[in-house]
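Written below as structure tokens is the structure these notes are about.
Letters are used for the chains, namely A, B, C, D and E, taken in the order the chains are written, and counting of residues starts over at 1 for each.
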Amino acid sequence: MSQLPLLTILLACPVLGLAAILVTPARYPGAIRRIAAASGLAAAAVVVVLWMRFDPQAPGFQFVERVRWVPSFGIEWHNGVDGLNLPLLALTAIVFLTGVLVMWELEERVKEYFALMTLLVIGVYGVFMTLDLFFFVFYYEVAVLPMYLLIAVWGSTRKEYGAMKLTLYLLVGTALVVPAALALYWGAGQGTFDLTRLAAAHYGRSFQLLVYPFLFVGFGILAGMWPLHTWSPVGHVAAPTAVSMLHAGVLMKLGAYGILRVAMPLLPQGAHYWAQATAILATVNIVYGAFVALNQTDLKFVIGYSSVSHMGIVLLGLSTLSETGVNGAVFQMFSHGVMTALFFAAVGYIYDRLHTRDIRELGGLSRTLPVASAFFIVAALTGAGVPGFSSFWAELLVFLATLQAYPVLAVVVVVALTITLAYSIRVIVRAFFGEPHEAHPGVADIGWFLSVPRAVLVGFLLLFGFAPRLILGVIEPATRALVQSWH
Amino acid sequence: MSQLHWYLLVAVLLFCIGLYGLVQRRSLIAMLIALELMLAAISLNVVAITSLAGGDAESATGNVSSAGQVVAVILIGVAAAEGAIALSLFVAIQREVQSINVEDLSELKG
Amino acid sequence: MNWDAFLFGSSAALALIGALFAVSLKNIFHNILGFALALVGVAGLFLTLGSDFLAIVLLLVYVGALGIAMVYAVMLSQPLDTPRTPRSLPKIAGSALLAALVAMALWLVIRRAHFPGPPEVLEVAPQWIGRRLLQDYVLAFELISVLLVVAMIGAVMVARRDPGRRAPGTAAGTAPRPGAPR
Amino acid sequence: MTGPTLAALLAQFAPLAACAVVLVALRGRPRTAAALAIAGMAVSFAASAWLVAAVAVPGRSFLAQTVFLPVDQAHSLAFGVLLDTLSTTMALVVSAVTLAVMVYSTGYMAGDPGFARYYGFLALFGWAMQGLVLSANLLQTLAFWELVGLASFLLIGFWFERAAPAAAARKAFIMTRVGDVGFLLGVLLLIRTLGLATIPDVIAAAAPGGALTGRTIAVAAALLLMGVIGKSAQGPLFTWLPDAMEGPTPVSALLHSATMVAAGVYLVARLHPLFLAAPDVMRGLLWLAIATALATATMAMVATDIKRVLAYSTISQLAYMLMGLAAGSVTAGYFHLVTHAGFKALLFLSAGIFIHHAHSNDMREIAGRDPRAQRAGAIGLVAGSAALAGVIPFAGYFSKEAILGAVGAHGTTLVLALAYAGAALTAYYSFRMVFLTLVPAGAGATEAGGAHGGHGGTGAPAHRRTPGERAMGVTVLVLAALTLVLGYLGPWLGVRLLPGEAVREPFELGTGALVALALVAAGIGLAWIEFGRAGAPRIGFLERVPALARFCGDNWYLDRLYRATVVRWAAALARAAQWNDRTVVDGATDGVANGTVGGGRLLALVQNGNVQAYLTVAALLLAALAYALGRVAVAP
Amino acid sequence: MALSRLFALSPEAALAVTALLVFGALMTERHRTRRARQAAYVGGVLVLAASLLTMGRSEEFFWATYRVDAFSQLVKAAVAVGFLIGAFIAGEVRGQREDVRGEVFFFLLASATGLMALASAVELVALYLAMEIASFSLFVLVPMCDQCQMGREAALKFIVIGLAASAVTLFGLSLVVGFTGTTRLDEIAAQLPQLASEPALSFGVALFLAGLLFKLAVFPFHFWAPDVYQAASHGIAAFVATASKVGAIAVLARLVTAAGLGGTRLVTALAVLAAVSMTLGNLVAIVQRDVKRMLAYSAVAQAGYVVVGLVAFTRDGVAAALFYGLIYLLMNAAAFLVVARVGADGTNPQLDDLKGLHRRSPLLAATLLLALFALAGVPPTAGFVGKWFLFAAAMGQGWWLLVLLAAVNSTISVYYYLVAVKYAYLLPDERKRGPLPLSFGDRALCYALSGAVVALGVFPTALYRVAERAAQLLP
């Protein structure tokens, strides 16, 4: 195909943005913001082009770019898109752009902030587009590390602790992934890190059984897998708004995507062998996360634990190893990404204005900040699985697949939906209903400019809530091919 | 036990006596003495093995095996150089801290 | 009991006893004397191996140069009247144990070594040593000369009294005094 | 796209469009918002009416669907509209009541700060309910089912600043969700087994020789029934409905009596063949319904809040509908649904007039504020109560008669007797309400009970009626007229719903009907003796026993039971999970971290500053290496 | 012909010229320090250029005991870079005893000479002597510290451990000579296979390696490193941390391939040492407050990583180790440059001194960030690819447990690197110190090193090719 290297162009958007931010003197924060927004917008535009030109029915990867990078190790600059990563690229574009807009009012160390955020996004885009195992891990870590500074410098509650905990946890994950990746390289014996060729390689059964847990746990940590999830709420609470958005919205998906893109296609026997165990872990995630969320008083903690719970649904969908389940999982990745970004965007505004997120000190927010509250309530309802928003369908697919694969777990997670609803409603009723708290007299409600990014997020939730076919039509052929390759 | 092994035994013992001095004595000069003993033991080792076992007789220049002897000569030179450096430092240290007791020199730790 | 064995036995005994003196006696001068004794023993061992030249060089460099340098160093550095701290018995025992352990370990390895080649004593004429030093060991020869130069200059520099330092143990004045070499 | 499809889409999406515009753009312009919402609903109503005319013909049904949710390569779920008599008439009922309530609300909610939001939510509800009614796929039904729940949550909690409505909204949402868990599982089970969930296909599969086994049918039916129980406030899950009365009265009229709570009944009617294929489940439902009907009747007998009385009566009447369905008659159950929608909406809206006027829900307080001056309200209340009680010729009589007939034909004598007893109690508590409200009390009869406030708006003075209040009156009167008419629909419905079933003549007064009428008369009489006549004690026979009064007034202590068990356990579990997270999981993490740092401290001790110690370490390692190598040499 | 053959020795010739220049500069009365420094710069550049120019050469000298090939010239170039950076960081040589400031350059040069000879020597005695030259020069440099009281103590430990290590090395040498009768690497390598069953010979080889492990600061010969890093003045510490390490890595690579130890128990021993080094270095680094001392412990850990690559005993492993050595030079140079500029008065910066660095000098803070991330092995810096290659080589030989441990260790290391980053970027400076002045050279070097660290992280191919070619030349 002699067409434009769209994926490289996509990656170039934030890279150029980063370069431009770095050369812009720090005394021009406005210009820096605009550069960041422009790079986000450009990337989003490229994603739109990708989506338009993407042919769901075509087999294999599209927009493939391939350049030899380190030939002696078989490392290649190899990018491609299929139905599994296209939605996630779109998610990244959405969340990054809205994240930049949400932080428009940031005053403190603007240059460093946007530089780091752009770096983070480079990593995320990279992970989602690359088809080379080396670059996969490369970008994966690129995405993880700016988090430390982003949280520690611009964060709030226990930020240093949260930042360090998050970073170390995630790096423990990579410490498991790196040896596993190298084992995959040598195990295939083809001298390549090309994921598509590694997927075709045949690994021995015992190899698969040994290596799979490393990959699953390694990536699973980033996906908030129980019991290695505690970095996530703490980190989210500490992080500034847009970082929380990116982190819970996109970064946690990297983990699940790693499982989906690396662990499961390369080690199908391992996946089958461990599926039951991972399904149980995922179920614990869902139920446990919901229960802990039920007892939180900090809005962000609630969201953090709800993320744990919702990512459990993704893991559960993957663990079913069925087309339906994987469809649901990918869809849920997207939906949860948008939803949780909206969550944090809403809370971010509230926190900026009222300087507290403790629901005991809040109340009647729907009166004082009706629009900002509405955004939160929409997110909460999405999280609680209200139809009309995209999560509902995603979760439904996962539940359906689970009922097929693990009926008992399906009953458990469906019953746990009541808890999910309970914690969402609890927060809404406590913080947004009731008399306005006397400590927070009149503050300005969210203006139109800051509403726009949040409204965009709501729009996507609704769009795919009303027309899940739009996204599932993209995902489904890819999962079909993936699942067929297992049998 | 062959003749060579007797020599080797002496060398090992000498080496370990040196080691004992090195880790036991507090005086820096005594430690240097111990070190030099170790070097002497190594010289003995080298000369004994090459003299009594020979290795292969040919070398690049076609000479008979005298590698051990050459090594020993160089070793002796090295020992002298080491002695020079070490002694000068010990003297400097003594001037500085009024002691050449190695146990007094343990500020850098952790 | 032949002459060789006697010479070997007495030299070895001299070397070991001297070495023990060198490490165990309290007086530093006795140590140096013991050191010299040990080296004489080693030189004797060299003689039994037919390395007369080496024996002489050893005595010259070690006993002649190093021993004297040590004596000087002692004179320069260690006032003989400083009170001695008593030896610590645990340290002696520990060190001895360590030395014994290492000796046993080394011996464990070495005693089973089968060195190739015929067990015959080769007389090596000094001229062969010289020749090799200037032929295939010429690089080593050059390097050791560099090493010695570095060591000499270094020794001078290290030992030289620091003119910028007023008293030991206090921080040197940061302002360069006039006339100090820059 | 054919006409019916278009009409069905219009019926659904006109309210949604109105809702979207109102909520996004018109929050600051209440009058426009109301007008737009009403217009949207009117379109929906018109479309529904057209649909009834077009589709509600015996033996006719219409299905249009399109792929909505791909599941895997072999299956994808199609959503669409299923149009037949059941769905179109239900759509008409829903749109009619919604429209009525919207018109009524222009008066009732006038001046409320959330006026526009209110209409937005109502329109949202209109969309969701129409979608539920017209949906062709069980999953679609489930989706709208949840959306209806959402609308209910938003509307109950409309006055969110007050604690009681907020709590009631939460309770309603979560409690119905408990039932929905079963619904969801049931639907998933059907999809898993059949690969689809299109309603006609499911029904076909449930037919003898269909794809479903009896066991699967039973399990699926039981699971679906959980949803029904939650939504229609039956059995153990009814307690949310009385609390839901904290919402604005028109909302109660619409959602919590006429339409939304009837969704459960509608679902059973919709899937009636499937349920009939699970006779054990149906028997269970019958008993549950009877128990619910009687239990809630006792509660209605002691309540003093007019809306709570109506709420309990709603539950009781829903139980009757389910009784009819469980007894095997889809016509009877559905017929009662339709008539109930009319007269219960009427009752609530009439009550709303009093509440609006008196700013109180307490019947005794209303009685003290010259209730008869509200002429339309009084008429509506009496007519509605008569219908509720089953007084001939009001609508309730015919439908209830049909149900009792079905139960009689199907069940045992005991069942029938209990059903009759329930009818008598219904008559008693409905007229207790009438007398308590309309007959002014004697001196000092009022004790300001738990005065649940009326509403947030400032009502206009009674003597000068605003256009809004006139709209309220007109609405009530129209509905009152309807209660007289609706009763004659029975045969019309019967023919269309279940062609071939014997149609009962409305005025065929058999033994059963006579017994029932007698019981109704007795109930009304007792109510008159205790409340209506001059010098009546105005205290009911149940209320004379304080323990019983407390027991019945407190939902038979069910809420207490839930609080003491489920709620407490969930909270305890949540606390335990949190403790585990903080102490065990995080503790382990921090332990590892501290252990690492501690290990660093410990290892730093090795660097103790003594060079001889360093040498010792190195020497020991060399010795170890020598030993290792020496051993290898010895081994072979 | 003969002349063009001799051209291959031009780096050495340049060294000699430089030595003369520096010596001459030291003879002058006024501005001797500055002149010596300039001479050192000129010489360093000359040597670098000569090394690069002779990269394609392949010649042997001194009866084939001195080999000039791509491998040696690569290492020489690296050493030259390290020397230049060390000399640059030493700069005005604050913190060094006043009277010998100029001599610092001479001894740095001497040490560099030793390291270069190390790269080319293919004969054990010459190898050993080259190593000693490199060490002795440093023995001399460390104690001539002015501000830091600990200089002499550190030097004492450096010397005692160094001499003990040298004794161990020589003991090993004696055994090797005894078995093979030669000290030439190629002849030894030729004889090793038939002597494989001799544990004493393996032991000898192991003991010989000990000397290199000492230079590389691998456990248990690492004890000098923290003290020396801490006590030596910045420029010297930088030299020890960069050039000296590269030389040691190079010669270790040459030796392990020559010795053909793959599969023997010695390899296990090396692996154990690597594991202990990584773990110990990283754990102890956590509790350090002095930045240079922390870097020293981190160096111990890094040495462990390098050995992880070397235990593979494959061309990949050697190439990876070489590559890592080269990028390690860059990232450590960057770190030490920051340390030197933060502690511009010659004192050692503590972690607290890093506070507010991002305000005092954003460039230094960014350089430190990149350097530390590179040391931690975080992409997009070169540290990541470097470690990836190392671990990949080890994994290829089935050392998965070792690789896992190394990966976990990388995570641990991130902790203390991040703590340093935290001080530099996060904590406010209570003392409200003013901005740090940076010279043009400082800025340029900051940009160059940061740029190189990132560029090599994203585009490692070219440099890795060179390392690979060099590795292929080894016996």
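Methods note: contacts are C-beta pairs under 8 Å (C-beta built on N, C-alpha and C of every residue); 3 or more make two chains touch, one makes a residue touch a chain.
On a predicted model such as this, the values are computed, not experimentally measured, just so you know.
Undergrad: Along the shortest chain of touching chains, how many steps lie between subunit C and subunit E?
TA: Minimum step count, subunit C to subunit E: 1.
Undergrad: Which chains, if any, touch subunit B and subunit E both?
TA: A chain counts here if it touches both subunit B and subunit E, which gives C, D.
Undergrad: Enumerate, in label order, the chains that touch subunit B and subunit C alike.
TA: D, E
Undergrad: Need the most distant chain from subunit D, centre defined as the mean of C-alpha atoms.
TA: Here the answer is chain C, farthest from subunit D.
Undergrad: Pick out whichever of the two, A-E or A-D, is joined by more C-beta pairs in contact.
TA: Higher contact count goes to A-D.
Undergrad: From the Cα centroids, identify the chain that ends up most central relative to all protein Cα atoms.
TA: Most central by this criterion: A.
Undergrad: What is the distance, in whole Å, between the centres of subunit A and subunit C, each centre taken as the mean of its C-alpha atoms?
TA: Comparing mean C-alpha positions, subunit C is 67 Å from subunit A.
Undergrad: When the centre of a chain is set as the mean of its C-alpha atoms, what distance in Å lies between subunit C and subunit D?
TA: The answer is 99 Å.
Undergrad: Could you tell me the distance, in whole angstrom, between the mean C-alpha positions of subunit A and subunit B?
TA: 64
Undergrad: State, to the nearest whole Å, the distance from the C-alpha centre of subunit D to the C-alpha centre of subunit E.
TA: 76
Undergrad: Two or more other chains in contact with one residue: find those residues in subunit D.
TA: 604, 607, 611, 615-616, 619, 622, 626, 629-630, 633
Undergrad: Do you know which subunit E residues sit against two or more other chains?
TA: Within subunit E, the residues that touch at least two other chains are 63, 125, 129, 132, 136, 139-140, 143, 149, 155-157, 160, 164, 175, 178-179, 181, 184, 199-200, 203, 226, 284, 287, 415.
Undergrad: Going by the touch rule set out above, which residues of subunit A reach two or more other chains?
TA: Within subunit A, the residues that touch at least two other chains are 168.
Undergrad: Would you please name all pairs of chains that touch?
TA: Chain-chain contacts present: A-D, A-E, B-C, B-D, B-E, C-D, C-E, D-E.
Undergrad: Enumerate the contact residues on subunit D facing subunit B in the complex.
TA: 604-605, 607-612, 615-616, 619
Undergrad: Subunit D touches which residues of subunit A in the complex?
TA: 165, 168-169, 227, 229-230, 288, 291-292, 294-296, 322-324, 327, 364, 366-367, 381, 385-388, 392-393, 396-397, 399-400, 403-404, 410-411, 414-415, 417-419, 421-422, 425-426, 428-429, 432-436, 468-469, 472-473, 476, 480
Undergrad: Once bound in the complex, which stretches of subunit C touch subunit D?
TA: On the subunit C side, the touching residues are 94-95, 98, 101-102, 104-106, 108-109, 112.
Undergrad: Using the touch definition from the top, list the residues of subunit C that touch subunit E in their complex.
TA: Answer in residue numbers: 109-110, 112-117, 135-140, 143-144, 146-147, 150-151, 153-155, 157-158, 160, 162-165, 169, 171-172, 176, 180-182.
Undergrad: Residue numbers of subunit E touching subunit A in their complex, please.
TA: Residue list for subunit E touching subunit A: 316, 319, 358, 362, 373, 378-380, 384-385, 388-389, 391-392, 395-396, 400, 403-404, 407-408, 410-411, 414-415, 418, 421-422, 425-426, 460-461, 464-465, 468.
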